[in-house]
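First the structure, then my questions, so here it is.
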């Protein structure tokens, strides 16, 4: 019996040990995976860091593009606008913008916490960084549309308002857990939130400020449209390359997760859409005006990139080419429409590139999405996805146009919007900043 | 007996539970390591993402370099070529190039699957992205060699053929599992596959198109060589910095594996070789022409970078300096040879930088490799490694020169290759693209 | 009994198997965590790779900034200086600099091993890469301060000495385990080690070389200060964007560890300080000279970035704004002081941006650090941290000024320092390098 | 034959050209120059230091005309260039002794137009 | 002493210089100008909008010569610059009343060369 | 009324302007030109190939003056521009037949200053 008892105890003990061991094992496994989880967060911060710096660099891209497509006498002003909308924008976004966009939601309308990034952990801080460069992108898009005639102080005020209010509110609705996102509206990396908002604000600005002197002249009862050439195509092209480079961060980073299986796909669709946009813009200008136009081809590339941004992770590579092709065609058409028919003076094509194609990008999700959760029209999803995407477009249009027009209207009333004719002729560099951008160079300025 | 049976059952049970538990454990461990493996793949995609965007940015570098070293009247054309060879190239590589290069091999000669990236998983997509920027690099190298006189349409056709056929086939042989790689030919990051191919195609192009008007003039029975100065050295230097920046992605990314122990070494050898190349080019021009020449020093840096590319992971840091020094010397010598003796007009030195040094880089592996599997001549490997490297050079020369000459010959016959003398004098910006690149600037163009 | 024995054996066996299994399990777990640890190192190399390439790219930023803020006739010389200080610097740092800085310490004064990176593993190589781009940064800062009048050969000698001796020694004291670091001196990413050293060397250089011809002219007994305008503001602004882009690598990479919890915070403080610096510089010039000055605002951004660099990980975001604001104000004030009162000619403001703000950044740690280990004055740390920081400043001042003045003094005696008046008037491009940087452009050079 | 050399404000060039075309004067050569005149220049501040810009951008127009076109051309320039403000510029008239069309070797007044 | 002022096609400058050197004329001053002439310009399209380029790049050469060199110099210019196509340019000759070499204060016809 | 056209070394412009101001000559027009003269140019090497720079940067100053100012202005230019080295430049004087101030339509010698 003793033996039996012994055996019994032994067995029980061994089972216990087995049991306790099981705990130990699973503990250590848990520990193992805890270690893993830890690294995951750090790696993710690294991922966001990488994408953030790429998107940050887009500021340089926008700056070079706008510089290149406008006249030399305003180059210093363009530099200041592009530098300052980031600098001011990032402080404003730190103080209030981020809180409105990502704070605890009040009825899905706006956020009400996280101002000054109070109580943020590293992950949140890296998320803020990623968001602030997006906000700055939305803001800087406008710069090109109102270039060469806007009072500097007016531009600064504008940039406070867009990064502190206009952008964060719509951003909250779509990305911050607000009502639109709850309805299922999908905007992966910001064709709508960033580009359409920026493009519409540029439209409002361009309309309220009016065209540059000499752009449209009435001859008899016909309005003659004059081309005002950009002064530095090499810089403009550099800008586009920088933007494309940054766009990889913009789109791929929007997964917010280095472990997302979409990253490769997003790179691929982004590349193909941009390429297709540039090619088609070149082809159209080639056919229409007999010569392939560099500045329009550059815009075409950007158009393709903007267009794929909303659906970069849910549109197939081949369809991304289609989206890009349409985007490139849209930019050529709408630049002509806006300039020759509507007589709105948009020096760099910001409205066409970001506005028109931002809109197209949002709609394209509704047409081409192959994601089972939100199938597009052409993938058998009927009008469900498309409908909500269109609703989103309407909402963005309504919100942005109303607030932006109001803003620019007030600025106009306050005489903060436009420089005098004389200052415009002299160039904003001298009149607004007392500087010369190309000291020594002999530059012929007869406009 | 009941007890015994009970005990027996208990033991069996406990053993079973032990067993099943073992399975569970090992499962969870396997699971654990599955999770681990998963992350590895994701991290690797991130690594390729990082290197891909760096290499992508090299497009801007090539563009700025070529712009800077050519005349202002052709700047817009250069922009278009550099934009379009990437855009068209990436579509072509998506449609067919990648399939030929990395599809299932047919007798080690070319691939026959993966067209349109059919059935690719995320890893393959990110691999495609990394490959497409390489293909675009090979393609864009030619642009500089044929600058300032090539018809735009001819250049576009060329870029379709190189990214769709010439490059993928040789790429298949060396990197796609084709016959050359099976023989043991080694080209780590593409001194041969990318640079030598690009440089040779540039040579074929430059020869077939002929020199720019005014470059070589016959005076009596002597040919007088005239220097045609580049118009924007600052942009050229920016281009070189961008290229070097991207080169880190080019070379380090070629490990294809973030966990490769070679990455640090590759960074180191890349840096040292580039530095050595620039220094020696400066020294030589200083000694020979009494003044250190900036544009040649810039080329020297690139020469060093090209030269180390094939063996960046198998050549020791000190030997990397030697390889860079020889590369820098080669570029100075071959620029003079090609220009003054052979009278081939290569505006940016593409043949010397990429061709001559691509060749040198491939050979350098055979001389300096300290990798036990392929010891170089100076490391006791005898002629084994060197022989196969030389064979590779011959193969690349044969393939690329024959296909590229044929291509440019056909283009010439089809009158798609060269603009008219008048167009050339007027500048390609106006004649081919109807644009002005530096509107307003007073530029003196007497050539 | 047989059964009992059998059972006993069975139990023992099962226990053994359990035991052995335990070992197996824990082995595989250990293995698992070994795999994990491995990956950590690889990921860290990837992290350093990322930050290294960003910092490398700052070379382009410095180059563009200096180019933009000086005259066109010296552009080629500036390109050469910026290219060569990296190329020569990296070889020198490979040969001796790194060894002095990070080799085995001799009494905490200098290192004495690791020359030629003897016996380095991948981690060390990646660390070297990260360090060499820092060394190159310190070196290149001087270029701007002595621009437009320095003999090229003198500059080359200077750059050998700073990367091979001046920088590594002070670097050893602070970052290489030398005596200052042992006292607790803190300089996170190099406001002191890199920027203050560079700025002070620039000061020594500018003083020893003397002002550019025409900068200060004596009229009666008054010295009239003339502004010499930079020739390319767009490139200068591009330079600043590139620098800022690289600065993220500079500061965040200084954690040296991707898993550091500081990375996000460092990004945040870096951004806010830079933004604040730019804004305040703009505001001050706006108030003082009635117009917001672009070149000064660009300097302001850099000033903010330099100022936060020493304490980016220990200063709170809100205090980072304060540090940036003071930095921006300091740069405006000190540029005027140095130019108008001290009559030291520093074409790009290198002394103010890097010297003055480097100093301020080091001191700011003593004031604003909220790190429990080194609380700043305003955080209840009393004078402990501040004191040691001030000591560090004194040491850096003493070391750098004495060695740099000596160096430039010797260069002057050896007639290697300054070009002749005629060469200066002609421009260094033609006189030193026999090149034209903007061939064809009509440039008006009357100074 | 006379050479009319006018220095005008750059931004008036288009207006002047328009007026000249109206007056049937189609040929001219244009140079950009820096002018120092009554307008006096202005002072700006670069990096905290004043710099005086006393060379202002001007455009120089050279028009060779036959005597009978001289007044019309001058009138056209005056009409196009005048704003009434300081800095409007000057017109100088000098004598041309010979004029040759390179293409055809035409000489004298028939070569001018 | 006469001043020869020639407006030529930019790409003909080298040829003209060569001819002038052959004719022993070594001194000249060159300016780049924008010309409006019979050539008429061309229309290009920038971002979908026509823009008329009616100011074409030309090069202006000023050569001061003594009377005895006048014809040789003009011949040389004609030889170097003529293509026979519209846009070849014009040559104008005016009188110079005084010429001074700054370096030596030489005056008159000996200062010219 | 006379037109003084001086070609000088670019870096002498400030000195010349200073001397002219001292001599009460405040109005002038400045063009940058490329000059070919006794100075001869220099040879540089670009990417291993010689290139001859025989067009040197010069500055052209045009000053319209009344006869009584002619000598003072010339003296001032000589004083400001002379270094005694080859390349100092030349001064040419031509006759002006008419001068008109665009702003006010003043004509003749009162319009000049």
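Order as written gives the chain letters A, B, C, D, E and F; numbering starts at 1 within each chain.
Criterion: a contact is a pair of C-beta atoms (placed from the backbone, for glycine too) under 8 Å apart; a residue touches a chain by one contact, two chains touch by 3 or more.
If you're wondering where the values come from, they're calculated on a predicted model, not measured in any experiment.
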item	value
Comparison of B-E and A-E (more C-beta pairs in contact)	A-E
Copies chain A and chain B touch via same or different residues, half shared test	different
Computed distance of Cα centres, chain D from chain A, in Å	48
Cα-centroid distance, chain D relative to chain F, in whole angstrom	18
Centre distance in Å when chain A and chain F are each reduced to the mean of their C-alpha atoms	54
Overlap residues in chain C, where contacts from two or more other chains coincide	7, 11, 14, 18, 25, 29, 32, 36, 39, 43, 46, 50, 229, 232, 238, 289, 291, 293, 295, 434-435, 438, 441-445
For chain D, residues that touch 2 or more chains besides their own	31-32, 34, 44-46, 94-95
Pairs of chains found to touch, sorted by chain label	A-B, A-C, A-D, A-E, B-C, B-E, B-F, C-D, C-F, D-E, D-F, E-F
Touching residues (chain side chain E, partner chain D) in the complex	2, 6-8, 31-38, 55, 58, 60, 74, 77-78, 81-95
Interface residues, chain F side, partner chain B - complex	34, 44-51
Partner chain C, residues of chain F touching it in the complex	10-11, 13-14, 32, 42, 44-46, 57, 59
In the complex with chain B, residue positions of chain A that touch it	4, 7-8, 11, 14-15, 18, 22, 25-26, 29, 32-33, 36, 39-40, 43, 46-47, 50, 54, 71-72, 229-234, 237-238, 240-242, 244-245, 248-249, 252, 258-265, 267-268, 271-272, 274-276, 278-279, 282, 289-295, 297-298, 301, 317-318, 321, 438, 441-445
Residue ranges of chain A in contact with chain C within the complex	3, 7, 10-11, 14, 17-18, 21, 25, 28-29, 32, 35-36, 38-39, 42-43, 45-46, 49-50, 52-53, 56-57, 59-60, 63-64, 67, 75-76, 79-80, 82-84, 86-88, 90-91, 94, 116-117, 122-126, 128-129, 132, 152, 232, 235, 238, 432-442
